[in-house]
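Naming follows writing order (A, B, C and D), and every chain is counted from residue 1.
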């Protein structure tokens, strides 16, 4: 196993992480968390769903909360550049034995749904209903002032296979963690939009959605949102951080919503779009080493949202998630 | 005159603003400004030149200062994705009657130089020597902690012609200012990399380089760098700001270096890469209206760095730069 | 004329600047400015008055807005330590030929009113009704998140006389501006509470209230409040700054309320309470010199709120307020 | 046991926490920590000692590091207002059976040393050699940009006795923690200078110095100093935080120096100087409850610097330091 070559002529043009769809048990509680605490903008809502976007987003939603009986993830969304790319995508997936279906979604342009090579439910669209960009509508800014979706992280039983699948679709590997002395990536950060991540794969029972990440504009807002969380009774929803990442380099805080879905708030990423940007390798021992924050608790590594209807599979080799040491097969 | 259609199949792939090359009379004074005050990282220097990069850049340089007898701009650099794109670029420009020449440059991969349709000297490369990305090497952070180059602004006598030229090359128009009641853009913001600007054209005698802009990660750093400027004797080099932009929405400060070259420091931009991101129109009267900072002084509109060997031409119609009201021809 | 010796055994114990009382023509407009924009907490309000405090204040009010027919200042309030100090104050002022009267005020303990040596209307109290300190009630934080009152500035026709009056009451001179080559203070910063200012006197027709100043906790909030001001239609109320002070050293912004009353928002001050803290002298030429912000406009020097019923007197010698050069008499 | 009445006519006038004196084994290592990482200003140094101050301090030192064979605290310093207060202090302590001795100290005015009622070694001075206040000398700012000393915390075997001792000296109780349902303070915050703390007593074997605390001006600097610590190899010296305090309300981070001495960096405190500022009571169960940061590790409660020559005594009743539940005697 090893790192594939980048595919600079992908079968269709994926541009970025777009949105995720989550099932929540109590929309009012979720609204208190996402809107009153975090500061998402409500694009639309009714008794069955809330559509949220960040203040810098002109697309209708980057997070959809649907009323459901269990705290499940429904799917993650990726943006293609054009309608033509959607057609090419359908052709590509069908040919690859991954049946893709057109599935109209509210407030989105034509939408194609497919499960990836490990079963993770994806959907692709090229357009969405447009909403005002509220980046300088300061009277709408609140909480952490989330700007826009940045990336997803999934736990999967076979990181190498996802790596190959997404790199064949044109994703580039920005960073990866490998066991010391090995070139086998066990934690991979993949991107399309020119910063380090659009989708990240970490080892674990899956596919499950580990988190969706949203950017915030100022580091003081980490304190603002944590302080507000404590004031509003959400202190225990702060799971990990504030702290500083190794891979990606950003400041971060991870929070769990009232259903246990995890989001990451993080600040700005570096630019990563040149042909000479080679994947950055991190030794697992180094990546696990303490930056300055206390280490993540075990549950940060093991807990994630199940996808509706997808039974997680265990990795063939399990390891210590804190060190990633045994996830890779001997080869 | 009007706004051209985007060209989604450009003749070659330009990815981003890359670097600018400036002539300065005293390298030591320029070093004090760019390194000791602003916080640029020195990638290389000798008695004739200093090569600078931001802390988040892995490319060798985004700003080159050459010892010269006059404070001139030599050229601005754009990045193409691949070597093949450079070949396509040469073919394209030659065919268009704009002679392009290969011109080896230190620390850059193969480099193609050409003058744009109004004579602005450009160069294109796909690769540069790689240097360590110092984004988390906090012991190297200083001053405003410049992250990376973001865009250039040029004054030109015919904005419409530049708009057409660059949109034909695949640039997309993110925002523009037009006189009230008109659709004629007189101030245009063009991008390739997925945020609002890579190159900006404003009306005036030109082509001249108005400024190169570099991103900074925190708004407190506007105060840090202004305070440090005053302490170091550079208070008068602060020309405009800190303030808040209309188009682009960022916080900014403009500074003049010891030779009068202008740089902009600004914070984060929104994402702008979807096919349904339409150009945002600003009425000239609205864009000229006060945000909260005091208005720019006249010299911010009229002064810019001449390009070496390029005689500026006056616009056929001059106007009030504060309002942009007459720059557009009656048509 | 010169600087008096400090009086370490004052006739009674004044502890700090306490509050100011302003007349405003439209309470709703003032509320929009002070509460919806700046972020003051409403302690009480009715159809005739609004009582405001900062989030870190447990005293009932530091700013009282009364409905009035003209935009006047009613008086400024100082805190004494104990009821006994109020008694001593009455005795002291009466003996000094400045008649002091007990004047009950809503939400305040026993209150003594007196006009200072130049006629400025003061009031003293030792206690106020207590309200919850909201310093960590983050759900009540908004706008600039004003913490607490810090100081007042008055324009007066005879700075020297005020200096002598207040130093006899135990105020200490922290900083002062004097014309170059002179020891005659023309701009004086006086304190009781252990940081640089409680009351400041500058030369001009007066006594008039130049501004009341409130501290804010983070420099990013200067941008927050300016941005919010622009969004809410208050851009023109930003008069001067954000910028960096010479004397006092703080970052600041001055704003005019809907009636033209001026407030200053500034960040933290240094500690100034040791017996060996000598007054810091600034040459007028130096203090007038540009820090990094653009200089204040002339109106910042000349405009101020009249006190109700007090006719301003012109200084015997007028000068250029930008340089303070002639305000001092030859002697 | 209970809370004493404030003494508004103390035997002499203590104004504030002044300085601490620590023994360190390797001055070069300590210098790397305090100067190169934290950003203290060196007022003087030789082969045996380093004298440090914060950037907003005009007094010669607030932290003295002496070369020693063991990591001990030598003493903590308090400032009196005048020389006359020192004389009164000597008279007071001698009369109280606590022998006080004049002990000349470098760079300090006349200095009086005494051990408090539980043996904690104190010294008092009214003046110090003056140094430039570097609050706006931004070219000297580095790391966390420590402004000034704020307070000390000591672990002591009998908090009640210290409370009575210091309140008799004029200290006022700003906040305290008591077991639920009890009025017996087990964790007390005492102040003279008008903000919540000058000296704090917590239960434990002692007297030992738990930490000295220094203020920093911006919350972003918590990230700056933690990031720099990690870059410089001091990640493991970050013991607790960044986080938000209950009592005192500040943001904080605790760090251990190379000898294990603990310092706190925290941001601004509220004003606390009015006669109607009553002590704020916290239930132990509430104070121990999670704010938003992870709880302190046990060592934060139990580890502290021994004072040279002072054998710590155990509290007569020990308790769980995380809850403080049993420290108080049944009475």
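Assume contacts are C-beta pairs under 8 Å (C-beta built on N, C-alpha and C of every residue); 3 or more make two chains touch, one makes a residue touch a chain.
Keep in mind it's a predicted model, so treat the numbers as computed, not measured.
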{"item": "Same-interface partner of A-C, chosen from the options B-C, A-D or B-D, over half of the pairs matching", "value": "B-D"}
{"item": "Distance from subunit C to subunit B - Cα centre to Cα centre, in angstrom", "value": "45"}
{"item": "Whole-Å gap between the CA centroids of subunit C and subunit D", "value": "33"}
{"item": "Separation of mean Cα positions, subunit D and subunit B [Å, integer]", "value": "51"}
{"item": "Per-residue multi-chain contacts in subunit C, two or more chains", "value": "136, 218-220, 227, 230, 244"}
{"item": "Chain contact topology (line, ring, star, complete or other)", "value": "complete"}
{"item": "Interface residues, subunit C side, partner subunit B - complex", "value": "219-220, 222-223, 226-227, 229-230, 235-236, 238, 242, 244, 251, 290-294"}
{"item": "Partner subunit C, residues of subunit D touching it in the complex", "value": "8, 15-16, 56-59, 79, 81-82, 109, 126-128, 130, 133, 135-136, 147-148, 193-194, 217-220, 244, 249, 267-268, 270-271, 273-278"}
{"item": "Residue ranges of subunit A in contact with subunit C within the complex", "value": "136-139, 218, 220, 224, 227-228, 230-232"}
